[in-house]
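Quick heads-up: structures coming right below.
Presented sequentially are two complexes of chain A, the first with chain B as partner and the second with chain C.
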Partner chain A sequence: MSWNAALPLLVLLSSLAPGVLIFAIPESFRRWRTLLNLAGAVLKVALVGVMALGVADGQEFELRFPLLPGMDLALVADPLAMLLVVLSSVLWLVTTVYAVGYLERSPHRRRFFGFFSICVTATVGVAMAGNLLTFLLFYELLTLSTYPLVVHRGTDVARRAGRVYLIYTLTGGTVLFGGIVWLYVLAGTVEFAPRGFVSGLPASEHGSLALIFLILVAGVGVKAALVPLHGWLPRAMVAPAPVSALLHAVAVVKAGVFGIVRIVQNVYGVEFSLDLGLTPPLAVVAAVTIVYGSLRALHQDDLKRRLAFSTVSQVSYIVLGTAVVGPLATVGGLVHLVHQGLMKITLFLCAGNLAETLDIHRISEMNGVARRMPWTMAAFSVAALGMIGLPPLVGFISKWYLGLGGVEAGESWVLAVLVVSGMLNGAYFLPILYAAWFREPPPRWPHDQGSPGRLETSWWLLAPPLTTAFLTLFLGLLASAPFSPLRWVQFVGGLVYEP
Partner chain B sequence: MTPLAELLVLLLSPAVPLLLAVATMIRPAASTLQRAAPWAALPGLATGLSMSPGIAATVPWVLQGSEFGLDHTGRTFLVFSAAIWLAAGMAARAWIADRPGRFWSYFLLVMSGSLGLIIARDMLGFYLFFTVMSFASYGLVAHRRNQRARHAGSVYVTFVLAADMMIYAAMVLIARETGGDLLFETARGVLSDAPDRDLVMTLLVVGFGVKVGLLGIHVTLPLMYGAAPTPAGVVLAGVLTGAGLLGWLRLLPLEAGAVPEWGRLLMAAGAAAAFYGALVGLTQREPRVVLAYSSISQMGIMTVGVGGAVGAPGGGGALLSAVSLYALHHGFAKAALFLGAGVAERVSPRHRPLVSVGLVVAALALTGAPLTTGMLAKETLKEALAAASLPWSQPVKLALPWMSFATTLVLARFLWVAWPDVARGGRPGAGPVVAWVGLLVLTVSAAWLWPMDMAPELWRAAVLWETSWPVLLGASVSAAAVLAVRRRARPFAAWRVVPPGDVLVVMTAVAAVLVRGWLAVARRGLPAAGRAARNWLRLLLRPPWSRAAAAAEAWLAAWPVALTLLLGGIVTFWLLLLW
Partner chain C sequence: MPQPGAALLVVAVLLPVSAAAACFLAPRLARGIAVAVALGLASVVVLLAVELVAHGPLEYRVGGWGAPLGIDLRADGLTLFMLLAAALTGLPITVYGLAYFPASAAAGGFWPLWMLLWGALNALFLSGDAFNLYVTLELMGLSAVVLVALAGSVDALGGAMRYLLMTLTASLIYLLGVGLLYHQTGVLDLNLLGAALQGGAADALQGGAAALGPAWVALGLMCAALLVKSALFPLHFWLPPAHSSAPVPVSAALSGLVVKATVYLLLRLWLDVMPPGKEDLGTALGVLGAAAIVWGSVQALRQSELKLLVAYSTVAQLGYLFLPFAVEAAHAGVAWRGAAYFVLCHALAKTAMFMTVGNLQKLGGSARLGELRHVARQFPVSLAAFGIAGITIIGLPPSGGFLAKWLLLQASIGAGQWWLAVVVLAGGLLSAAYVFRVVGLAFVEDGSESAPARRSSAAEWITLAVALGTLALGFTAPPMLRVLEVGSPFGEPFGGALLWEPGGAP
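Let's turn to the complex of A and B:
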């Protein structure tokens, strides 16, 4: 096996092997488990870095196993795949560090970290899937490996949330499977192609193709939390903070929305989707989701619930960018895949810090909390302002390209949606910042778990959100630097359109 | 200097306060930082004074590749902004006792934004600094943590958020027209022929208008000035209004391809604000709130100039310089008055006469009395307006002396309420007094010394008369009013205060009704919408409207109202002439 074929497999194994090993070693081997986790995560980032440099250099990394006659299990590291692979590998490292600190004293860590590793393996698989079937396999693996994480606490609420999660996602998966089979029957292949593979089919099949598009998007739309398929996401916020971070920023929601990108760009092709009249309705669904999610977020007092509705809204920026046809909108949507991940993981990790250190779960309990935890709240504030789309944070870069793409495509209403969404984001994020920074704290924090040392909480919990908050600022300010996600996405976006 | 060195020196103006701001956030209690903080504006001032206009350099990695540079307009704004920041910093060092660390971090952040936006030469660079300035100002407005500061802060941040989104949308639409080129020159060039010109112009005028205090959205100014600590108010009054104005000057089409409709609209709005601000200012009792209304009025005069530049068929180059000069003059004078109000509150009886003289000098400058910088600024503006050969310049020319009259009235009101005749205790301290004297010196001298490529002919009897009579008339009317009040003449018993923010009361009522309606829908689902609608109607027909009507009636009996209604009539007549 050549190096170029082995590397995708190694990237998968770098998280799968630690996962399996963690199941094998006893619960009490804490140091070994931490070492395995961190070694796997660091190794993965290194391998992915090598692969990304190779892809940028024009090399091809591809691995195929025959699975069925005429159907391969294909792992292809194309530029679009690398976007999600790099994002999830880097954020996995960050989340692993955090999870080690977060679950310091809780039971069932073996189960947790085992599934945690498998979950990331599945996400990377989803990213590198070279055809719809491979995509589906990893997509289902992701569903199954996240379920134990969602119900990790074992409480009644958690179990209920887990059940809802399974019902939603397994149904979505089944629908997706049906769509893939129908498409295979029709087109004879499900291999992703740079500008889609169905445009050559006779015009008589266009009706079926439109229906298949609807089925496929409905299937992945569950994980992408498109309204009205979003119901599981706010419920799933009962999971521990690292899991929420994973669900919202790295893995599950991203897998869904990545599926939509793949379907629009690599199955149907952007321009052909527009010709079939498929993208305008998708754009409308995305716009409705953006506004609806924000409106619901306004009224949540539970911090993580508010963040969950915010995810519903923000993830649809990506869908909107995909559904509005034009190079700039595509760039805006794809780059938000990375940017939303950075901002949302920061927010959830900070929420986790508040819960873990001060037992604060509600916004109404957050008065003056920045006095007690200034670094956590500084990171939170950076990410929240980024969500509103203020420069120079990454959220602004996304919003700039989405807005430009909207008007470029002649869809100026997109700009109006973005303005309204920005206002609503402000309306539900700024009061949190106000409470934390400008209100008087209570005389003492009733459940302060903090150490008496100098730090507001442990380093394991503090370093990850500070890192991602720094990236939120850094990658936004230097958006045009050669190493920025924006540059990469401009490269990817160039492949989607006819030259 | 090499271009790179020039760029680095240029970037020091926002970078020094920014770095200090970050340092103060991390170590709020460090006394070294607090000693250094007031001087953070020095690099900006030095750059503005020493660097020749015309330099420009690109920073390719930032945002979409940002360009920075200094032109004549930028230099004007940089010098007066940095000087006012310096004065405000000296005052803050002495007067901010409550949580100084927190105050300084916001103060420095706003400073960084307000100086950075001046050296930006492209839309995104400008927007970046403008946003930093706008949002960080919240910390200054809300610093006092009382009910009033909270209210002012929430109103302010609501307007800022909306304005920010508007500017964003306008920039996106402009960038579409320019094909991605974000430089100001290109942006200005495409706007007059753009298909959505009116939409973009509306977004720009309103978006920056929140800072300028454009009529209708001027409501944040009185609240902010009233709530913020004095040193913060000095920069809000002296610098932030200028930042909004600069936004207009950078992006509105002033050069060629005149947009007469918009020019006319802006001029009408400016003239109306000039009188409206003075009218409402007369009814106020707090020195800082009176100054806020005076700012609304003065910014109205500058808006007239901007409108003239937008409407001028041959381009508004002369008006651009004239408005910049006016901004410089107004910045210094307004900052001096604001800081003077703070000094007057703290001064010992022995020094009261001196402080009174200082206040009067600054006030006279703003009215445009002969020999003052106000006269120079107003005459320059007038001459530039005349040179712009606008078809409707005659009514404006007639209105300008009456604007001076209105300014005189409102500043007389300020002197009346700020006059240092009550012992309030405390001492002003050396730093603020030095800063104030410095500002006074700049108020009477800076505009004279500032290099301009045009010089109006000032020393003619006609000009002297035209600049004297409005001030004399205003002063006499005010003196009569003061005497009458001292003798407790009857009409003055009914003098009522318009709540600071005037029409904000109406806006808040409408917003409250909308929010309440939405909450009803959100909590109880759509069927509640019908009930909510009925409730809205009931709310609309109930007090506070009826109460407001009764208050309005009583209020109409007061003399400032009668007086300025008369003025209003004159204005309306002129405006009718305009159309």
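Let's turn to the complex of A and C:
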């Protein structure tokens, strides 16, 4: 096997192998498990770095293994794949550090870290899938490996959330399965192509193609939390903080959104989707989701639930950018894939810090909390302001391109959606910031767990959100430096339109 | 002049049958003999696969007498698949049996009967003659009945009695059908029967359908008998009590292999013997299969006893094997390939599931779902095995069951038979409901004191290994489906609208 074929496999194995090994070593071997986790995560980032440099250099990384006659398991590191691969491996490293600190005293750590590693493997597999069959394989693997993490606490609430999660995602997966096979019967292939592979089918099949588009998008729309398929996400917040942070803010919803991007760009092709009249309704669904998610977020007192509805809203920016046809909108949507991940993981990690250190779960308990935990709240504030779209943070970059794209495509209503959503973002984030920084704290924190040393909480819990908050600022400032997500996305966006 | 390698066909039958006699005569050696034979049969299947790929279908005329008088043993790709299913599940069942049955003489009854059952299965897969098939059916049915009764409990004896009455009655009906056919055509060999009837169909076009009427009566009797034995809804009444009261290795063999053997026989009749004009029968079988999937799954959801849940799951999963009968002829080949692969995957998965039940019963003291709530988390390996086997049962990737369902779906959608596609997909969701009902138990934290950590037993690791096998089948389909093509059991090769080359650009 050549290096270019082996590398995608190694990238997968760098998280799969530690996951399997973690199941094999006893619960009490804490140091070994931490070592394995961190070694896998660091190795993955290194391998992905090498692969990204290679892809930028024009090299092709591709691995194929036949699963059925005429159909392969295909791992292809194309530029779009690298976007999600880099994002998830960097954030895996960050979250692993965090999870080691977070689960310090809790039971079943072996099970947790084992499935956590498999989840990351599945996400990276979703990213590198070279055809719909491979996509489906990793998409379902993601469902199976997140279920144990959602029910991790084993309480009745957690198990109920797990059941809801399965009902939504397995139904979505089943619908997707049906759609993919139908498309295969019609087109004879399910291999992704830069500008889609179905535009050559006779016009008599266009009706079926439109219906299949609906089925496929509905299937992946469950994980992308498109309204009205979003019901599982707020419930799944019962999972431990690292799960909410990495999986529900990044991996699972991103797998769904990434599916929509693949379907529009690499199955149907952006321009052909528009010709069939498929993208305008999708844009409307995305706009509705953006506004609806923000409206629901306004009324949540539970911090994680507010963040969850915010995720519902923010993730659909990516869908909106994909569904508005034009190079700038595509760039805005895709770059938000990275930017939203950075900001949202910061927010969830900070929420986890509050819960773990002070047992604070509700926004009404957050008065003056910034005096007790200034670093945590500083990170939270940077990410929240980014979400609102304040320059020069990364959220601004996304919204700028989305707005430009809307105007370029002649869909000026996109601007209105962005403005309304920005205001709503402010309406549900700014009161939190105000309460945390300017309200009087209670005389003492009732459930303060204390912290080792002079830090406000354990270093393991503090470093990860600070890192991602820093990136939120840094990547916004250097948005047009080489190798920034924006630059990369401009490169990707160039591939999906006719030159 | 027998073909080189054709002797393997005889070995596949004689080895387990003579081992049965040896186990009976020397009970002390029975365990060793059984393991050796299981390994031997596994190697025979591998050698046979090599032989088939190299030389095409094999035939062995026992004693040099050919059809229509002698006993012919034949093997094509489909036969090999069934032999493989028997070996793949038989080997772990044998090893698990070592752990399950104590070494004492009292528990020795299992080994000779199990060898006999395996021999009967192999003989059934290899026979190509309607009467010999009757003999193998009887042999298989009777050894299975005694194996069920081995458990010795009142439930087991009741289940075995029901099973016995069913299998004897069905065999007699089958024999009646064979007799009628012989009376009309004067032959018993399946190929000759097929030639006679399908040739007769041409005459019937002139002579009116009446000419084939008696043949259809005979075939109808044979089909009915096989349907009862295959426990196709609504003729499944005997299966749950028998499969759930038997000793665990027996349950695994019954659910994994025995019920499928009769489906295999039905398929042979369908493909090789039945004259044209069978579309309505096919649709009826497909509809019953669909009903079985729904009914069996719903019943599985309602059970409070884990072993009954798994048994009803078998009723449901068998339904998938009947769907291809309803697929329009041009696409049926793809569906049958899916069904053949399904047989392998389901056999392994169901074996792992029954083994899980056995582990929980033996180690946890009970397999009632209500009581398992409190103890399930002490058996992570067993529950993991159940979950992994469940992936195949649900039909999720990466597993063999997923690939099988892909082919079934592809055939149904290709033929434009949407109701079949819906049944295949909905069946997956229904099975997810009962699989996760069990798997979810592993995560319960009800505040009760956590029991001291225990070491997982050998039986649990065997169970996990079998379950992992179902995942492995998710990656081995292309070479295995190539072997299935030997002798073209499903007519034209896997092609037509389909592509053979990896990469698959049209």
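To be clear about the criterion, the second predicted complex is superposed on the first by the 498 of 499 C-alpha atoms of A that agree within 3 Å, B and C clash if a C-alpha of one lies under 4 Å from a C-alpha of the other, contacts with A are read in each partner's own complex, and residues count from 1 in each chain.
Here, a residue touches a chain if its C-beta (ideal position, glycine included) is under 8 Å from a C-beta of that chain, and two chains touch if they have at least 3 such contacts.
From a predicted model like this one, the values you see are computed outputs, not experimental measurements.
Participant: Let's test your reading of the overlay: on chain A, do chain B and chain C clash or fit side by side?
Facilitator: fit
Participant: In the overlaid three-chain picture, which partner chain does A:H299 touch, first (chain B) or second (chain C), both, or neither?
Facilitator: First partner only.
Participant: In the superposed arrangement, does A:L211 touch chain B (first), chain C (second), both or neither?
Facilitator: The answer is neither, since A:L211 touches no partner chain.
Participant: From the overlay on chain A, compute the angle at chain A's CA centre subtended by chain B and chain C, rounding to the nearest 10 degrees.
Facilitator: 160
Participant: Does chain B (first) or chain C (second) touch A:S480, or do both, or does neither?
Facilitator: It touches chain B, and chain C stays clear.
Participant: A:G426 contacts which: chain B (first), chain C (second), both, neither?
Facilitator: In the superposition, A:G426 contacts chain B only.
Participant: Where does A:H152 make contact in the superposed view: on chain B (first), on chain C (second), on both, or on neither?
Facilitator: second
Participant: Which one hits more chain A residues, chain B or chain C?
Facilitator: C
Participant: Determine the nearest approach in Å between the Cα atoms of chain B and those of chain C after overlaying the two structures.
Facilitator: It comes out at 32 Å between the closest C-alpha atoms.
Participant: In their complex, what parts of chain A are in touch with chain B?
Facilitator: Those residues of chain A that touch chain B are 295-296, 298-299, 378, 385, 388-392, 397, 399-400, 403-404, 407-408, 412, 415-416, 418-419, 422-423, 426, 430, 434, 438, 440, 477-481.
Participant: Can you list the chain B residues touching chain A in their complex?
Facilitator: So the residues of chain B touching chain A come out as 25, 60-65, 124, 127-128, 131, 135, 142, 145, 150, 153, 157, 161-162, 164-166, 168-169, 172-173, 175-176, 180, 196, 519, 522-523.
Participant: Flag every residue of chain C that touches chain A in the complex, lowest number first.
Facilitator: 380, 391, 394, 396-398, 402-403, 405-407, 409-410, 413-414, 421, 425-426, 428-429, 432, 436, 440, 443-446, 450, 453, 474-475, 477-478, 481, 494, 497-506
Participant: Which chain A residues qualify as touching chain C in the complex?
Facilitator: For chain A paired with chain C, touching residues are 27, 64-73, 107, 111, 136-137, 140-141, 143-144, 147-148, 151-155, 158-159, 162-163, 166, 170-171, 173-175, 177-178, 181-182, 184-185, 187-189, 191.
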